[in-house]
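What follows is a pair of complexes built around chain A, which joins chain B in one and chain C in the other.
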Partner chain A sequence: MVVNKENDIKTLSKREVIDIYMGRYLTFPNGANAQPLDLPAQSSLKNDFYLKLVNQDERKINAYWARLLFSGRAKPPEAVESVDDALKKIKISEFSIAYIPESELTDAVKVVYRLNEN
Partner chain B sequence: MVYRCIRIFTVILGCFSTWTQADEFAVEFSGFASLAVSYSDDPDIDFRSNYLNDEKAGWSIDRDSILGGQVNISLAQEWDSVVQVVLQDREIKDFSNYLELAFVRYRPNRNWSVRGGRINSDMYLLSEYPSVGYAYLWARPPHEHYAFASTVSHYDGFDVEYSSDVNEGYLRVKLAAAQTEPKLGALNQDFSIKFNNILTLSTTYVKDAWTFRASTSKADIREFKSDQFSSLINALNAIPPSLWSQAADYAQGFDAKNKNINYSALGLAYDNFDWLFQAEIGTVNSDWLISPSNYTGYVSLGYRIGELTYFASLSVAKNKNAKPQVAPPELPSYLPEEIRLATLQLVEGTDIASKRAIVDQYSFNIGAKWYFSNNLVIKAQIDHFVLQPIGGGLWDMAAQTDVASKHQINLFSLSGSVVF
Partner chain C sequence: MKISQKLYVRVAISIALIAVLVSLATSTVSYFSGLDEKKATNYMLVRQLAQTLEKTAAISAYLSDRELGQEIVNGLLSNDLVKGVSLTGEANMVIAQGDINNQAERISIKLMHPFIADSQVGSLNLYPDDQYIQQQAQQSTQKEVLLMLLHSIVIAFFVSLMVHRRLAQPIQSLTDSFASIDPSAPQTMRMLTLKQGARDEIGKLAIGINSLMHELHLTISNERELREKTQALEAKFRLIFEQASAGICLLNEDNKITTFNPAFAGYFTITGKDDMATLDFPLLLNNVEKLEELLSEIRKEDGLTQITLDIECTVGATTKWMHCLFAKLTDQRNNQRDEQGCLIEVILHDVTERAEREFQTRFEADHDPLTHLLNRRAGEKKLHKALFDSMKSKHHLVLMMIDLDKFKPVNDTFGHEAGDKVLIEIARRIKSRFCLSTDICIRWGGDEFVVARQIDHFDQNLSAIQAEGMLQDILVPIKISEYEQCEIGASIGIVIGPNDGKVLHELMVNADNTMYQVKEKGRGHVAFFNKKKTISAT
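On to the complex of A and B.
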């Protein structure tokens, strides 16, 4: 999980990542706005991310977000076109957070959580 | 009330559009729809999915078909608004019956939020999104439990919500104060009920694959506009006690004055990768003859194999109090024939009216949900309903139907639900 280098958050726990990506809270734990980014639909990266995070695949996540969106609770993460696109948005937005594969990590962003951590 | 809320809402929106900076103001549109064809096999007993919708027997394409549109408006960092309109087969074609949401929300911090306007209730597990077929397993929310909920699924007022992480789970507590005036129809008559002083307290706890909800709500029934029942009440009040001593009691029982209604519910859902379990129980307490007290509940189990999820459910709604039996009075022999006949007709009308609202039924269903694509799910479902004698209050029965007999009805449904 990566954020902008200017973001005050240093690390996140798995529970805090779930809170943001499942629409429970609209902010980081310090109260700053959080704008989660989602990789393209039907990509293995997106599917794997949600399987590891909450043991749900993309189908279940879509139904989950239909419930939250149309009950008026929250809007789903903003969809981006690619990992590159996610990294570009992270660089220009202090509020964005994204999941990317470790192989595409650059020095331009800050790692706050690794999915293989507990 | 709803129009006053909309006016206030429009003024607030107008203010925010000038107060907020351009990058904070955003408008997003989204929607959902279900196209459903269904067949109910008893031509004399019409099915309706909830109290607000039209009733039909036989084939129907609009019984469960729905089109919903939503606009999310970001006003500022802590302020936003949601408006949702849902087109469906409402018995009364009044705009208020189609407006599901129109609220402004303020989130002062991470844990608190306050909403005002037309808000949805979270009394039951599905009551915030009963129209979004894409989001749940069945062709429609379980009939016995959710047909009651439709009249108070949204209301006009405000709510305050607190959420927090508790013991590795997520806790949400909400208190709402509101009123609502749903417009209904039955037996070819329009009527409306005004629920005042609605207070709803609900709490939801989510941990891993489990969701638990408990809620309770009370409402005062203030106005009941029905020409049919007004005539009945007036006629009952006009009968001298010496002719029929119980007439005044029935008039008082049908009259909405000083009546109130209480709902309470518990819900439990388990949703891991392949297994889905969901159960709810509810109780309705009311001293109003037109909305008698009930127990409701359902249990549903689903199992996913690949793109298909198979499910089966059992649902029950049962009257709490004894079924009424209006005993004809012993009329004096000197009574003129026309008065005697009119009195006996009134007794019969009172008997029918007091029995028609009683709900005593159960149903089984089996079905499958096919995840066809990212935005489309297709569902097939068979329901078998058993209406106990004097228990068909959720259905519209033809005049020749014997309400005192047991009835069995099958309902076949095929639907496609999308989000966009």
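On to the complex of A and C.
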């Protein structure tokens, strides 16, 4: 999990990541707004991410959001086109947060959580 | 209340009563069990309702999404079964709506974290509408009970209808036609009406009764006919038996009278008494032992079937003579009875008058009318017999020839009447001295008498004393009238049979001679016949 380097958050717990990504909180734990980014649909990376995070595949996640569509309070993460696109958005916005594979990690972003850690 | 006696009504009432009772009982059971079941079902429904919304509720609790929560609560409340709903979630989210006071009935579902296992994010509580559930259950069970009652009544109705059709009606018609039969009047015993082709139990019953009645009818008719015949016959016989002038009775093996007719009773009932003295037949008659002997003889002898006999009997003070016919009865059915066991019929009638007349005639024929001693003819006959008997039993017959002395002068002096008086008195004196039943006293001729006695051993002295005694008797003066009396003597000649004669004629001649010798020797004494001297005077 990576964020803008300017972001105050140094590290996040798995629960905090879930809360942000599943729409419970629209902010980081410190109160700053949080804008989660989602990789393109039907990508193996996205699927892997959700499996690792909440042990649910993409289809179930879609169903979850569909349920919340009408109450309208929570919003699903904003979709980006690729990992690069995600990295680009993080560089320009200090509220954004995204998941990327470790191999694509650059110094331009700050790692706040590693999914392999448990 | 009087319940109809008719079978089908009673069956119907019983069935209906039982059906109603059973359906009431089952309804009660099913009502309560149904109530519980309905309640359980409804609770389960409520729980399932809650479970269908569990996921969404969990999400709303997780997100503290009031709008979503409210929507869920409203959705649940719109259900009739649910009275109140409360939803709690993260961040103190509490949504409560409706009646949530009944904690006991609460159905609570834990809302789990949608993404993290074992983490509760809130709870969903539903309060079922008990009243509604109860009402619902009641309605459905009531309907069930009503249906069951209706069912019972319909079944009872049709069962009684069938019972009436198939059982009560045929039985009724059978009973009606049976009631028209009077058992005492066989002509009413006609066939019972029977539905054609009825082959069920009632049909068989009717057929059975009919054949039974047919047989019964025949039997009764026969019996009746037979009885009428027997009665007519019995009346005839009874008439003969009761109207018979002869006395009739039956004797059993002990000579006891078992049956007797009025004439019989009349003979043996003492005037003024109601019953006969005894039912022991021989005791009614005079010679008991002889009669018993005779009766047992009749029983024993096979060839002897009947005997006629004149028997003397004494009823009260009068003596009667009965002419009796004894007949052995042989059983009609030819049952061989043992020889002592047969019945004897006695037919008797009163022959007293005839017997007396006969007796009188015989007496007159045999006796001298003046002295009532035996006359010469009858006396001779008796003497013959007495001599014969004496010889046979080695006895002796003492015979005295008595001739009165000086009788003719009495006759001449005092007249015949006085002479008769003398003869009667002498005869009385002779008779009183020779009074044994075997003694024979005879008026032999005008003033001649013969006396005979049988003795075991001849003793001349004893006989002499007897003869002397008699002579003394004769010598006693005889009163002829108030003022006159006369004395008569006698000459007596004695012979001893068979010593002095083996035949009567010889004996008589010897006696006569002996007596004449006495007369010649001066009269008035007794002499024994003596062969050598021809006479021996005492």
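By our rule, the second predicted complex is superposed on the first by the 118 of 118 C-alpha atoms of A that agree within 3 Å, B and C clash if a C-alpha of one lies under 4 Å from a C-alpha of the other, contacts with A are read in each partner's own complex, and residues count from 1 in each chain.
Note that in this section contacts are C-beta pairs under 8 Å (C-beta built on N, C-alpha and C of every residue); 3 or more make two chains touch, one makes a residue touch a chain.
For clarity, every value in this text was computed on a predicted model and none was experimentally measured.
Novice: Quick check on the chain A-based superposition: chain B and chain C, clash or fit?
Specialist: Taken together on chain A, chain C would clash with chain B, as the superposition shows.
Novice: Who touches more of chain A, chain B or chain C?
Specialist: B
Novice: In the overlaid three-chain picture, which partner chain does A:Ala98 touch, first (chain B) or second (chain C), both, or neither?
Specialist: neither
Novice: Is A:Arg15 contacted by the first partner chain B, the second partner chain C, both or neither?
Specialist: Once the two structures are laid over each other on A, A:Arg15 reaches both partners.
Novice: Just to be sure I read the superposition right, which of the two partners does A:Gln56 touch: chain B = first, chain C = second, or both, or neither?
Specialist: So A:Gln56 meets both chain B and chain C here.
Novice: Does chain B (first) or chain C (second) touch A:Arg67, or do both, or does neither?
Specialist: both
Novice: With the two complexes superposed on chain A, say which partner A:Gly23 touches: chain B (first), chain C (second), both, or neither.
Specialist: The second partner, chain C, only.
Novice: Give one of first, second, both or neither to describe whether A:Ala86 is in contact with chain B, with chain C, with both, or with none.
Specialist: neither
Novice: Quick one: classify A:Val3 as touching chain B (first), chain C (second), both or neither.
Specialist: neither
Novice: Once the two structures are fitted together, what part of chain A is touched by chain B and by chain C alike?
Specialist: Looking at chain A, the two contact sets intersect at 15, 24, 55-56, 67, 71-73.
Novice: Chain C touches which residues of chain A in the complex?
Specialist: 15, 18, 22-24, 53-56, 64, 67-68, 71-74
Novice: For a test of understanding, state which residues of chain A touch chain B in their complex under the given definition.
Specialist: Counting only chain A, the residues touching chain B are 15, 19, 24-27, 29, 31, 33, 41-42, 55-60, 62-63, 66-67, 69-73, 75.
Novice: In the complex of these two chains, what residues of chain C are touching chain A?
Specialist: 55-56, 59-60, 62-65, 67-68, 71, 90, 114-116
Novice: Can you name the residues of chain B that touch chain A in the complex?
Specialist: Against chain A, chain B makes touches at 28, 30, 32, 68, 70, 72, 77, 82, 84, 101, 103, 107, 109-110, 119-120, 122, 128-129, 131-132, 134-136, 163, 165, 168, 170, 209, 271-273, 371, 374-375, 419.
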